[in-house]
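Lettered A, B, C and D in written order, each chain numbered from 1.
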């Protein structure tokens, strides 16, 4: 429409897959091989491992949802490419905030920063979804599938609450991150349903 | 069938290839470049190199079998995506346990932990196979090819034995890991045979 | 033509995507997880983060433009493969110069070296574009789209000026890098326009 | 034929591209960001950079030749998958030997080990080529293109000579590595020619 330059989505998918695959894997480099072969040598790694598991699930959720969303898409343009890179930027900071949170045993400030990056990634995903809807039209399968996007907006709101909570009750904030992860764990039924019909 | 949302398998393959390619390659980062140019400087790296070779073969086996299994598959769903991520999670811990085992010259506890991660990866592969069979039906090419999956179940059992053995005879445990690797080295003849007919 | 061996472009795209995805992601490894959980522990990382953002945008621009250029291309040959590897070589040095610039708080010499690598990448992109035009002909869509390539040549010239400026006014040099980035942020309208017609 | 299980070659290419892209990029991590912003701080990195350039070209050659060889191939089997993994194993050791050689300023033993890994990679490439010929037949396009494979055999022989030479004249050995690289720099004209006819 209106001179909009259209690109195939395959290279966008391939590049995103590459970046997300690297992000999910380099986090494991924070699990530094300990000196000594006693099991006690592993104890300090436990919080690092736990924060790795949480972030692995989050990156998995983003890959999953990205997969589903792009599946419902026919083409992309320059705006979408940059909205996608913007999302990848915030995801690329997750290994760093995961490491900081794990090494400091879920202390308040690292937990807050972790939530801040999650919130920014959530906003970036929202922007990407809307760049795609703008390209495909308000009556496209994707737009109908996303609907009013209650889940996406709720996640960002919960992250914001959790960041503020971190300074007074950081375990509660962490619980909220786990809650949002569980909420997203299943692939989005809205998109599945609409596309299935 | 029955409202099951179907996705192409190509992006699942691409993402898995990416993660497995990174896992197999970052293990080599544990081979830290030594100071000094004498050959003796390399001696402490020998056990690290040996454990790298074993893990390289194991990751290669998983990639190979994953390749064959997905080849026999027509589509995937949300459950399969998560079963696949679950497998990738355990595979992503292999560089860590490889490094710990290598740097401690195959001491009992690192050998046990190595086997534990192998066992969990074996179970995760089993879960993935069954998620795929559930989607394609009990009379699908894949289901017939896997049959009673004796080899998969035997591997998990041998890993469990080896983990227990590690504390009394860790070289024997290590021998069992090598044995299972040899057992899997060839691509699964069951799948090859069924698909060939 | 004339005995020129033609290859599909898909593997070139896949390999480039892989390398660029890794480059954009390993830069984040320079953001070393700090000891201590106070926010002050993050302050020394601020210049590293800023230089990461700049380089993330630059790598994103290269990926974007590479995507657009290859989109306008039908096939590749040996010369193109090597021109592409040459470009990837200079891009692969960006994490190093980014780290050096960030850790030295944008000191003159690191800023100059950063610009030198950007300049070499710009020249390598120019060489790649011309290898592609040579293969597709002066009247190809790509050649018409690139036209006189004012933007490409201007970028290289500005980098050269910025490198020289680094030693007398390094903040100005940095400003020029930001300026060129903004200039390129949008996908190339020349290619979009020509292909759209 | 004859009960040979055939797989598409696309996932083999994708996985190899992934591993080779990671290998070529993680070498740059050996270029550790120096402390201090003087140009002198970069001097100790010069031999590391030079050995990086040599290995970058070598990995580029392998990717290029792999690209051309697989282009002439129609399908793969289990033997080919493992011959390919075997090649990737030796290539994966190149970052390590590159780092050792660079940090020890091209001392005799690191230069010898570098050549040994190149030789093993050359042999692995030879094995892969023959596994592919065995699958496609002695009168296939690939077999005719490879012919008597003089260049491949000569390279392995030169590496062997260079390894022995390392202990008496390591600069000469290094010169031989550069010579072989130049010899391979162009994509294989044999394959290009045969396929073009």
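Rule of thumb we're sticking to: a residue touches a chain if its C-beta (ideal position, glycine included) is under 8 Å from a C-beta of that chain, and two chains touch if they have at least 3 such contacts.
Because the structure is predicted, anything quoted here is derived from the model rather than measured.
Note: the chain lying farthest from subunit B is C, by mean C-alpha position. Under half of the residue numbers at the subunit B-subunit D interface are used by both copies of the sequence. If each chain is reduced to the centroid of its CA atoms, subunit A and subunit D end up 37 Å from each other.
Between subunit A and subunit C, the centres computed from C-alpha atoms are 26 Å apart. The multi-chain contact residues of subunit A, meaning those touching 2 or more other chains, are 14, 18, 21-22, 26, 29. The touching residues of subunit B, counted against subunit A in their complex, run 3, 5, 7-8, 11, 14-15, 18-19, 21-23, 26, 29-30, 78, 81-82, 85, 88-89, 92-93, 95-96, 99-100, 103-104, 107-110, 113. Remark: subunit B residues 13-14, 17-18, 20-22, 24-26, 28-29, 31, 33-39, 42, 53, 56, 60, 63-64, 67-68, 71, 185-187, 192, 195-196 touch subunit D in the complex.
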